[in-house]
Each structure stands twice: as structure tokens, then as C-alpha cells.
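Some structures are shown below for you to check.
There are two complexes below, and they share subunit A, which is joined by subunit B in the first and by subunit C in the second.
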Partner chain A sequence: MSGIEVRNLSKSYGSTQALNQVSINFVENRIYGLLGRNGAGKTTLLNIITNRLFADSGEVTLDGKVIQENDIALSKIYMMSEKCLFPEKMRVRDVFKWTAAFYPQFDMEYAFAIASKFELDLKKKRDSLSTGYGSILKLVTAMSVNVPYVFFDEPVLGLDANYRDLFYRLLIEKYSEKPFTAIVSTHLIDEVSSVIEHVVMIDKGRIIKDEPLESILSQGYTITGPASAVDLFISDKDVMSYDMLGGLKTAYVSGKVPQDVPQNLEITKMDLQKMFIKMTNEKEVSK
Partner chain B sequence: MNIDFESDKPIFVQIAEWLEDAILSNAFEEESQIPSITEISVICKINPATALKGINMLVDKEVVYKKRGLGMFVKEGAVKKLMKERKNRFYESYIEALLEEARKLNLNKEDILEMIERGYSK
Partner chain C sequence: MNLKASYKYVMYDNKRALLIYSLIIILVTVLLCTVSISWSNGNNTSQIGGMEIASMIFIFVAGLTSFKDNFHMLMQNSVSRKGTFAATILGFVTTSGILSAISIVVILITKLMSQIEKNIISESFFETMYPVHVNKVNSILVLLESFMLYFVMMLAIVGIGYLIGVIFYRLNKGGKVALAIGIPVFFSVFMPVVDVLAFGGRITLWLIRFMDFIFGATAQNPYMAVISFMVIFLISGLLSWVAMRKAPLKA
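Up next is the complex of A and B:
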């Protein structure tokens, strides 16, 4: 089995079960979106994969070999974490040099080139950077390491719209030129949904979806119209929730988009963000 | 180039239609090169697999073709072909939709014909 394979991973912090029997594959050369609400277990999962945390049970392998304490496997994975782990007084330029010492494939020229696109000052000390530039520093480093698996944990935290846009473009450009596996964990689902190919949704420590984006988007739709007509239409459907506006009802339905819809009803597809919200909300409708 | 991410139309179909429009308007002439998958995906901020799927729609229609090592090119006769296809689709996409909306508004045939006349005399 090639790629990163996670098998039956569990982890608890005291009485909180952060991960519960999680199994998932990350294959080569694909852009993944790792989506989950706050505290769903995204960062815990990434930290275990990159050997920063120990699991209570289960294992992680890369190309069939256990990752834990395996330097060769770990050198193929880079994690851009949410917290900044570089020494506080280290200058930007030295962060690059330092990372290059651990990751020999590090592309210094590329790092300098994109740092200047983000107007990141190479002479600044790490602890003097703003929140946004802290993210940018980690981002530029992660984009330059040139390893087969790169995890981006909240890569655009604190970035303005222009720089977020720049990041998505750079990611696509890099991926097109030299494919690698990027796993992007973010709450800005709308922004990332066009970039990712495969979606992994995690909720309360469990994987609830692990599918190509397209297949997820084909699993739900909304139907709007006069309440009585909507009720009739959804009577045999799996309804996630609904909104009422006077006599007008909108139902969020999971299932394939039906072909034959009554004339007075309007059907629209659901985008990834809507799907995510409906799938991870506490059930509003009891069946 | 604007992708409407809210649209019911899949992104790869929008990419294909955008390229078709550009070919129809001669922005990409026959036997000239169209943008690469990388260029399209970076500009539109979409996954390269999506861009590829859009281009493949045009390859299947034999509107563009691949020159090994060079990229994708517009095929000779592409404009004629697309024009024909669009004309065939005109009825479904415009006339049927028009009649449906007209029914909702209780507009009869004479009303519609009159509006079309008005449109032409502008």
C-alpha cells in the first residue's frame, strides 16, 4: 500500500476522546481538504501522523512502513502546524536555512521568491511578526520543503483576502508543476472547495466522510416551494433540516438529485460549506 | 474569466463553455494554442484535475487536440462545429425556458411574439 495509511487510531486526553478508531488513506499526488469543526480532532490526527503525539492505539504507515520513530518516513512528510514552533528570536532567513538543514530538498530560491511576493521581510525576527506574517512565514517554509506529503493546518489564519488568494494560486501552481500530496485543514471551506479534489470530514473524533469532492456534492440538494408541496415531495426522503419563511419551505435533503421535480418546486445544489454545516450540526430534525 | 462557484453548473462544464466562447469569438483562433491546464487552474483557482476534465470535454467533442510536448490546440473547423451545436441547443436552453417563464406570468403567444418584435426593432 503506497501513501499514508492510518489504521484504527484512537487518542484520548483524560476523559475526552479526541480520535475514535480513525482509519484513512492519503494517497500520492492529491490535494485533500480535511474539514472538521472546532475540537473535531483534525490537529490531533495530523500531530499523530507526523509523530508529534503518540496514539493510544492504532498505527500509521507510509508506503507500508510504520512512521513512528522512522526518520526516513518522517523526512517525506512536512507539517505546517497552527502553532509556530520556530525559536522566537530566529530571523526569517534563518528559519529557511534551519529548515533546509532538516529537509535537504528545501528550495531556497523558491522560498525567497515567494517570500517577496508576500512582502515578508527576511531580516525580521520571528517574534516580531504579526499574526498574519507568522502564518506567511510558516506557509512559505511549507511550500518550499519539496517533500511528497505536506500538511497545512489552518494555513491562511490571519491572512488578508489578497494573500489568501495568493496562497491558493501558489499551491495550485506548485502542485501542477510538481505534484505532491497536500492536506489542507481549514475552516474557510468556501475558499478551498475549488482547490481540493478529495474531502475528509471529521466530527467528534470520527471520520464521517472520505470521498471525492464531486461525489459529496452529488449527495445533497435543497428543495424550495409551497410548504405543502415540499412536504409531499420529501415524505420519502432523508431530510437533514429545513427552513420556513411564511408559507415557503426549504428542505435540505441528502440523497441523489432527483430528475422529476414538480413544476412548483425549485431545486438547487448544495455547496461544500452548506453540506458540511448540515452534516456536522446536531440533527435538527428527528426522524 | 469568472467561475461561478454558486452555480448549479459544475465547474468543469463552466471551464469548457468559457473556452468554447473564446473559440467562437476568435480569441483563440483555429490552429492556435489554448491556455495550459496549469494556467487555467491558477487563474481560476481550481484543482488541475477539474481544469483537465473541462478540456477533455472539448477533446471528446474534437474541438481541441493535443500536440505532443507542446500543449492543446484549437482544431480546424472548431468554430463551425461549435456554432452548429449551439444552434441545436438554442431551442432547449432559451425557447423552452422562455415558454416556461411565460406560462408562470400568463403571457400568451401574441404577447411573446410582440416582445420579440420589440427586441428586433431596438
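Up next is the complex of A and C:
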């Protein structure tokens, strides 16, 4: 089996079950969104895949070889973690230099170029960077390693809107030029939905969705129009939620797009975030 | 295994501290010798020696503090725990070798000064421990044996420091506090009191005999010490590996 395969992974911290029999595949050359609420188990899953934590049970393989403590498999993986693991007193330039020592494919020229786009000062020490620039340092490094699998754990933490947009654009640009597998773990679903191809939703340590984005979005639709017309239309439908703006109402509906839509109503694509909220709330209610 | 890069990184981390320490220790030795020469004034004698102990304290602290930062940086760069451990051990061997060589340089400086000014007495740790043995062999062999002893002593000391560092990393907050307070209290308060009240000083006597045995002091055999410290290094290394092989990343 090629790619990263996670089989029946379980992990608990005391009485808290962080992961419960998680099985999932990350195939080559695809951008994944790993979506979950706070404490859903996203970081635990990524930490186990990248050999930073040990699972209680289960296995993770890369191209059929167990990743755990396997230096060859690990050299094909890079993880940008939420916490910064570079030494506090190390300068930005030295972070790049040392990463290049471990990852010979590291593109120093590209790192300098995108660092300049983010206005990251190469002479600064890691501990003197703000939260946002700390994230930028990790992002620039992760974007430059050139390995087949890159994990981004909350990559835009502390970044302003302009830099978040720049990151998403650079990710698509990089992926278009030289495809690789990027797994972006975040709870900023609206933003990441324009970048990802495949969605993995995790809730309370269980995978609740593992499908291409298009397939998920086709499971519902958004309908907008005058409130009274929308109310009439959705009366017999499964409505996830709705927004009101003046006399206009937008409803998020589960199910296939119906043929008989009144002319004063507009049908658009389902919103991933609404879908996510519904799914994670549903789990809570059913529990 | 990315051993070369990991080893280079471990050494890079040590390099600056090692350089500063070496310069300071050589400068202090030269300064002490100069002060002793001017103070002796042809009559007063002064004794210089034991600078090797400073190197041993230095390397203990280096071992104690090296685990967390190296582990985090090497984990960030996808190096396995066995890769981290192998690079660390290689780093310790190199650092111990360099510090032992510096200790020999310091001894040579003090010997040279004692040749210039007869009132300066230079006596190394090795000469203090094995006076009978030193009188039996030539000075080149004494230097070689000194190097060998310091090298394995430093390996053992850095190994113990590293083991404590790994255990500290793995403990939770309560465990860290308990260990930090418990060990000094056990050795400085509990054990002496129990020894005096319950054992009539026999524990202290046994410890002295044990230390005498591992150093080979009464037997005047430095090779006993070399073997003892090598065993201590191997045991501390083995225990460190057991403690770190399943260490989770704590960030």
C-alpha cells in the first residue's frame, strides 16, 4: 500500500480517550484538511504519525513500512507543529541551515524568497519572534523541505489575514509546481476550504468523515431568498442552520438539490463549516 | 539514520560552551601560575592542581542539560530516538576526549611553571590518587594513563548527568520536585542520620571502601578505575536508553 496508512490507532491520556480505533489513508500528492474541534485528537494523531508520541495500539505505515523509529520512512515526512521545537536562541537563518543539514532537498533559495515575502528577519533569534512570526518561521521551513509528506498543525496561528492569505496562495502555488501531500490540521474551516481536496473530520478521537471535499459539499446545499419563501421551501427539509440578514434568509440544507426550486430563491454550494458544525453537534446530541 | 547531521548538531550545541570553558580554564591556570611565581618570592611554596575537577563539573552540567533541547530539535527534523541517542553518545565521547586533552594541557602548563619556579608544586588528580604507581612508571605513561582515566571518568559523569536529565524530562511536575528535593535530602540528611543512629557509621565506611575499590586507590591500580568508570558509563547509557526509547515529545 503506498502512502501513509493509519490502522486502528488508539491513544488515551489517563481516563481521556484521545484517539479511538482511528484508521485512515493519506495518499500521494493530495491536499488534506484534517478538521476537528479543540481537543478532537488532531494533534495527537499527527504526533503519532510523525513518531513524536506512541500509540497504545495500532500501527502507522509509509509505503507499507512501519514509520515508528524508522529513520528512512521519517526522512520522507516533515511536521510543522503548533509548538516551536527549534532552540530558543537559534537565529532564523540557522534554523534554515540546520533543517537543510537534515533534509538535503531543502530549498534554501525558496526559503529566503518566501521569508522575504513574509518580511521575516533572518537575523532574529527564535525567542525574539512574535507568535505570528514564530508561525511564519515554521511555515517557511515546512514549505521549503521538499519531502513527499508535510503535516501542518494549526499553520496560521497568530497570522494576520494578509499573511494567512499569502500562506494559502503559496501552498497552492507550490503544490501546482511540484505536487506533494499536505495535511493541514486546523479549525479555521472557512479559510482552508478553498485549498483542500480531501476532508478528514475527527471528533472525540474518532474519524467521522473521510471524503473528497466535492463529495461532502454535494451532500447539501445553501438556499437564499426572502425569509417567507425560504421558510416555505425548507418546511419539509433537513435544515442544518440558517442566517438572517434583513428580510433575506439563508438556509443550509442536507440532501440533494431539488429540481423544483422557486424562481425567487437562489441555490448555491453547501458551506463546509456549516456541514462541520452540524456533524460535530450531531455526534454530541446523539451521545 | 541521519547520524552525521545529528552528530554535527549535537557538537554544534556543545561547541561554544566548550570553547569558552577551555579558554577560561587555560587562562585561569596561567594566571594562577603567574600569581604563584610572583608570590613565592623565592621562599613561599604554592601548590597548583586539581583543575580536572572543574572539567568534570562542566561535563556533568553539559550531560544534565543536553537532553531536552537536542531531543526537540532532532525530533523536529524527524530523527528517531535511536538516532538521537547514538549522536548524543558520539558527542559525549568527543567532548570527553577534548576535555581530557585540555586537562592534560593544563597539567603540562603547571608542570612547566613548576620547572621554571621550584617553589610551585604541581600535582594532578592522578598523581594525588596514585602516588606509588606514579613513582614506578615514566612521566609519558603517567600522562597517557591520566588521559585515559580522565576520559572514562568524564564519560561516566556525563552519562550520569544525561540519565538524570532524561529521567527529569520523563517525570511529571510532582515527580520533578520530589526528585530535585528528595535526592539531596536523602544523601545529606536522611542517610547520614540513619547511618549514625542505626548503623554506627558502617554505611559511610562501606561507601569509602566502595570508592576506594572503584578508584583502585589502595591497590594503586588506575586500571581498576578505568574499568569501573567504563562500567558506570555503560550502565548509565543503558538506563538512559531504556528511559528515552519510549519518551514522548513534551512541548
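What we mean here is this: the second predicted complex is superposed on the first by the 238 of 287 C-alpha atoms of A that agree within 3 Å, B and C clash if a C-alpha of one lies under 4 Å from a C-alpha of the other, contacts with A are read in each partner's own complex, and residues count from 1 in each chain.
One rule holds for everything that comes next: a contact is a pair of C-beta atoms (placed from the backbone, for glycine too) under 8 Å apart; a residue touches a chain by one contact, two chains touch by 3 or more.
These numbers were taken from a predicted model, which means no experiment stands behind them.
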{"item": "Larger contact residue set on subunit A - subunit B or subunit C", "value": "C"}
{"item": "Which of subunit B and subunit C A:121 touches, first, second, both or neither", "value": "neither"}
{"item": "Partner chain in contact with A:99 - subunit B first, subunit C second, else both or neither", "value": "second"}
{"item": "Partner chain(s) touched by A:78 [first = subunit B, second = subunit C, both, neither]", "value": "second"}
{"item": "Touched partner set for A:203, first subunit B, second subunit C, both or neither", "value": "neither"}
{"item": "Partner chain(s) touched by A:63 [first = subunit B, second = subunit C, both, neither]", "value": "neither"}
{"item": "Partner chain(s) touched by A:165 [first = subunit B, second = subunit C, both, neither]", "value": "first"}
{"item": "Subunit A contact footprint on subunit C (complex, rising order)", "value": "1-2, 5-6, 8-9, 12-13, 69, 72-73, 75-83, 246, 248-249, 251"}
{"item": "Sites on subunit A touched by subunit B in the complex", "value": "31, 165, 168-169, 172-173, 175-177, 190, 193-197, 214, 268-269, 271"}
{"item": "Of subunit A, residues touching subunit C in the complex", "value": "47, 50-54, 69-71, 74-75, 77-79, 81, 83, 85-87, 98-99, 101-103"}
{"item": "Subunit A-touching residues of subunit B, taken from the complex the two chains share", "value": "3, 5-6, 8, 10-11, 37-38, 41-42, 44-50"}
